[in-house]
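Have a look at the structure below before the remarks.
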């Protein structure tokens, strides 16, 4: 049991290292503004974790995780918005008691699907259930029809576009392009106060570590092995009596549910949600976080998310013109030279011992580096023939 | 609805049909290059939009050069500019294939991510050289305005131009693919790389030429779009989802599929936009495509092959 | 469609790919425990027949009855759970899992999503893995990753993975292709051993190997049955000599 | 050269200013000789094209103020942040400017979405934002000064002129699909139906970045409206006007009034595609008054002859000046004092002629002008209204 939950001794030490970083090192060294930023990045890490299971292990690349991150976020935002739109604080509106953007668009009453979000338990449930149900319907329809590889990626990308356009187009009911803003309290507790920012940060870290442990248990069991086998030899698994489509659907639903939790925590820490979190660009960026960190390693995905976002924030402040070059260059380098991402380099270095690794790395020209890439990609990262 | 004479309704119907046709030629022109790169070669090039933007910027460069140095050439520069756009985009395609794509042939999903990184780099390169503002080349006057067959019908000339260009290009691509030795080599390499290599085809070179040809066509598409839209550093990202859907929806392996799917999507979109509201029209079309793809994942024209 | 005492009853099975009839009007009957070999030139439709039995390809017409239960229309995993195992032409094993894990994954329990969550590698599973590993001669290689096995060992591992599921019908697609003569010898012995109490269909070109294992041989040509009978009859059959065996 | 322009306004503060303790009691980034402000616009992303003008105008104003001795004897130091056309980034950078850098004022935002994203941050951290863009109104915050027109100022006078001049009865409303066009068209519809007794024959919205307007143009031809009322934004603008021209809908044959095309957009669209159409703005580059001459000259000297100045750029230029005058009136940089002192602050050297901050709602009294576009991408001013009172919550229009 110990081995499966924490991935053996080395797994435990890595996990402990991350816990120390998140619970001690960062809160002590960063002011609340930077810490809140880290908290925001960690909410993206939830999506990256889901992608490690779905894509890294299962070989199914979804470019639509923004849809599930957004759905979870919007469910939480709807509850917070209703709580912030009590009749007293919205008395200057022509119809008090309803969210401001509805008043601007001449809505006289709360639309039907908003009413259940008045209750906190329902909303918290919806944060996980809504993305999971959407993922189940889409996944079942697609995997049963054996849609896979690049087609699946493109269709999920189209879904991300559809949802963001759908939100833009129905501004009266969804808040449109501005999104849902000015969220103040959760069950009376002011989420904008500095003290609550700290609490929300620690809650996010705790939930993240719990998710990592849970996924570690899952991946080390038969479910994980089956997903890995599906990625490498789908036919063999199918003809060993597994309903492969249902396994893919369950991985897709799991990744969606986790992304939904990430979306809700994002709303709590940043205080608003908008279609810009749902569309094509954020969805691909979240894939890149997992790719940079290492698509086969849960911890790698978290570190990848932190590194890319911190870089993005720092870079864009210091040289605003060049940071897109840096980001683009980083993505290409990771995907071509280090398909296993930073975690891959870390494992390779650990196995070969740092000195040999550095010498090997330094000695090789760019062309040889590519040679190294093909050996690296020869093992687990080999893409199934789509 | 105000009272309309039959002829007025008829002219609106013609113009709406024309709007559908011109959207069809826009979609097809965009998808043509990708039909080769993604359809035939299976390379997922998310930077396809940026090659279009490059073509548009080349036309803008030519128009400013002509304005400053040789205003007399104003009416003729446009066609030359399109040819230059093709060459520029093809050369960039050559460079990109050599430096990046050829390492990723066996890894389609990784190509997708790498070319997304490439699109970011190209976007920033455009922003640094041409600035953040949208630019528009001054078009020759024979391209402007509309041509009026009857009193109430206005056929935009630039629409006709884009359609003619699409016709010519599609024909050229069809001839190249199905009637030329180079095209034969390319299809052979795509279907069975090992055997093609075994019979002496230089598969590496064929891949490079095919990829740069696809990029060149994207450059021409971008050049043609300067007649109907503006060009900015990230105008390429506007087209990318539609382009991929056209190719996937048509069934990747067949050029005929791409043509048919561009036509279907264009008519669907113009009908939806006419009756539905703008944004929701686009959502309806996208939803329709995704649902049909779920029912028939191999696309409209995929042949049933003994896999 | 009629109920018969046969284990497998295929009646006028047809499949066409855009007009090309890969298999046309095929009738084939298999007894309990029989070892049938299917031979024929390339493109005769041999692999396609196996594909249709195990649900990889949907036939255009005809029926496949397994213990009087119609298979056409069932999904692949339902057919496997009904007791049919399929080995592919190129050895398809899980390259980055060890031999033990390959065999464990084929253990016929915990193959649903929820089942896989609750699945435990119990003593009984290990005992079964050990037995099959020795059967296919890979007991020493249990902890080696699939990628590092020889070609022959990979073929045996795949057969072992099918044995884990205790199928009633085993379909082997050219099991000895690319094997050295001693490996062919061992495979022939293995097949004879595992054919006790279960039916096997083998597709093979190596006539010497076929003669050592076959109860009955079916010759396929252009999607139809050219001839059927014992090895001896087949070798003397004029049409078969003309089309396939050569003079 | 610039100092002559501003001699009148700031002679008093040339000597060393009052001690920091008195002028900054809330820990803002103010020292004895400098005061730090923030600038938060999009230098990258889809909005970069529109926000570049505002960035330039704000920096020109601050440079001129510094040359004239700064505010209360302190030179202004700017911290520039890039919102990258991404609303979460705007919120993040706003927090950084207010919490980390403790800037005394922020000049920034452009789209309503970016303003809505940062508004909660400004109200919680008690910052002061000078927001340049004409917008949909329905907002009034203690922490924001709106230097652009709110919807009623821009729409109602424009429609009245159009009804009177062109005897217009039927209108076709078009817009990009987000809050500003939708709310503005809502006010326009109410004014047309209730006040002008006209009829709205169509109302259409297209997603941001949409480029194919073929079907819309045919609908317009079908309905043949007296006036096309267009609020299209960003890249779609160029495609819209190009395709209008290609379809034969030009200035001589049709009447089009827009509130979303300034000289910046005209540069991208190309004057030849706009000839004869009308824009309703509070500022055009071609305004001939002494203030504007000096402003255009200073702007072109700093940013090149080809630089163009649109309504939002001029409104952004007002921001730093209004802040300077308000701080001097309040005698302190403290946000609450500045907010209180804003009422009634007048800026007589405004390039648009004259502006005054409203006594209660933090918006500006300003005039509306109707300009007709010509091939050189400039607009000739045909009509100038009286000073219009800003009213972000117009009764009868909601």
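Chains: A, B, C and D, in written order; residue numbering restarts at 1 for each.
Following the convention adopted for this analysis, a contact is a pair of C-beta atoms (placed from the backbone, for glycine too) under 8 Å apart; a residue touches a chain by one contact, two chains touch by 3 or more.
Here the structure is a predicted model, which means the values were calculated and not measured.
Trainee: Among all chains, whose Cα centre is located farthest from the one for chain C?
Mentor: Most distant chain from chain C: D.
Trainee: Does B-D or A-D have more contacting C-beta pairs?
Mentor: B-D
Trainee: Kindly work out which chain lies most centrally, taking the average of its C-alpha atoms as its position.
Mentor: Chain nearest the overall C-alpha centroid, as shown: A.
Trainee: In whole angstrom, what separates the CA-based centres of chain A and chain D?
Mentor: Chain A and chain D have C-alpha centres separated by 37 Å.
Trainee: Using CA atom averages as chain centres, what separation in Å is found between chain B and chain C?
Mentor: Their C-alpha centroids are separated by 48 Å.
Trainee: In whole angstrom, what separates the CA-based centres of chain C and chain D?
Mentor: 76
Trainee: Which parts of chain B, given as residue numbers and ranges, touch two or more other chains?
Mentor: Each of 127, 277-279, 282 in chain B touches at least two other chains.
Trainee: Residues of chain C touching 2+ other chains?
Mentor: Nothing qualifies.
Trainee: So which stretches of chain D touch two or more other chains?
Mentor: Each of 43-44, 177, 205, 207 in chain D touches at least two other chains.
Trainee: Taking the complex as given, what residues does chain B use to touch chain A?
Mentor: Within the complex, chain B touches chain A at residues 42, 44, 100, 103-104, 106-110, 112-114, 116-125, 127-128, 237, 240-241, 244-245, 248, 277-280, 282-283, 286-287, 289-290, 293-295, 297.
Trainee: Along chain A, where are the residues that touch chain C in the complex?
Mentor: 218, 221-223, 225-226, 228-229, 232-233, 235-244, 246-247, 250, 379-380, 382
Trainee: Considering the complex alone, what residue numbers of chain A touch chain B?
Mentor: Touching chain B: residues 55, 61, 63, 141-142, 145-147, 149-151, 153-155, 157-159, 161-162, 165-166, 168-169, 280-281, 284, 287-288, 291, 321-322, 324-325, 327-332, 335-336, 339, 370, 373-374, 377, 383, 386 of chain A.
Trainee: Which residues of chain D touch chain A once you look at their complex with the stated criterion?
Mentor: Residue positions touching the partner: 43-44, 81-82, 84, 86-89, 91-92, 95-96, 99-100, 112-113, 116-117, 119-120, 124, 136, 138, 177-179, 182-183, 186, 205, 207-208, 393, 398.
Trainee: Which residues of chain A touch chain D once you look at their complex with the stated criterion?
Mentor: Within the complex, chain A touches chain D at residues 31-33, 36-37, 40, 92, 94, 100-101, 103-106, 165, 168-169, 171, 176-179, 181-184, 192, 270-272, 274, 276-277, 313, 316-317, 320-321, 324.
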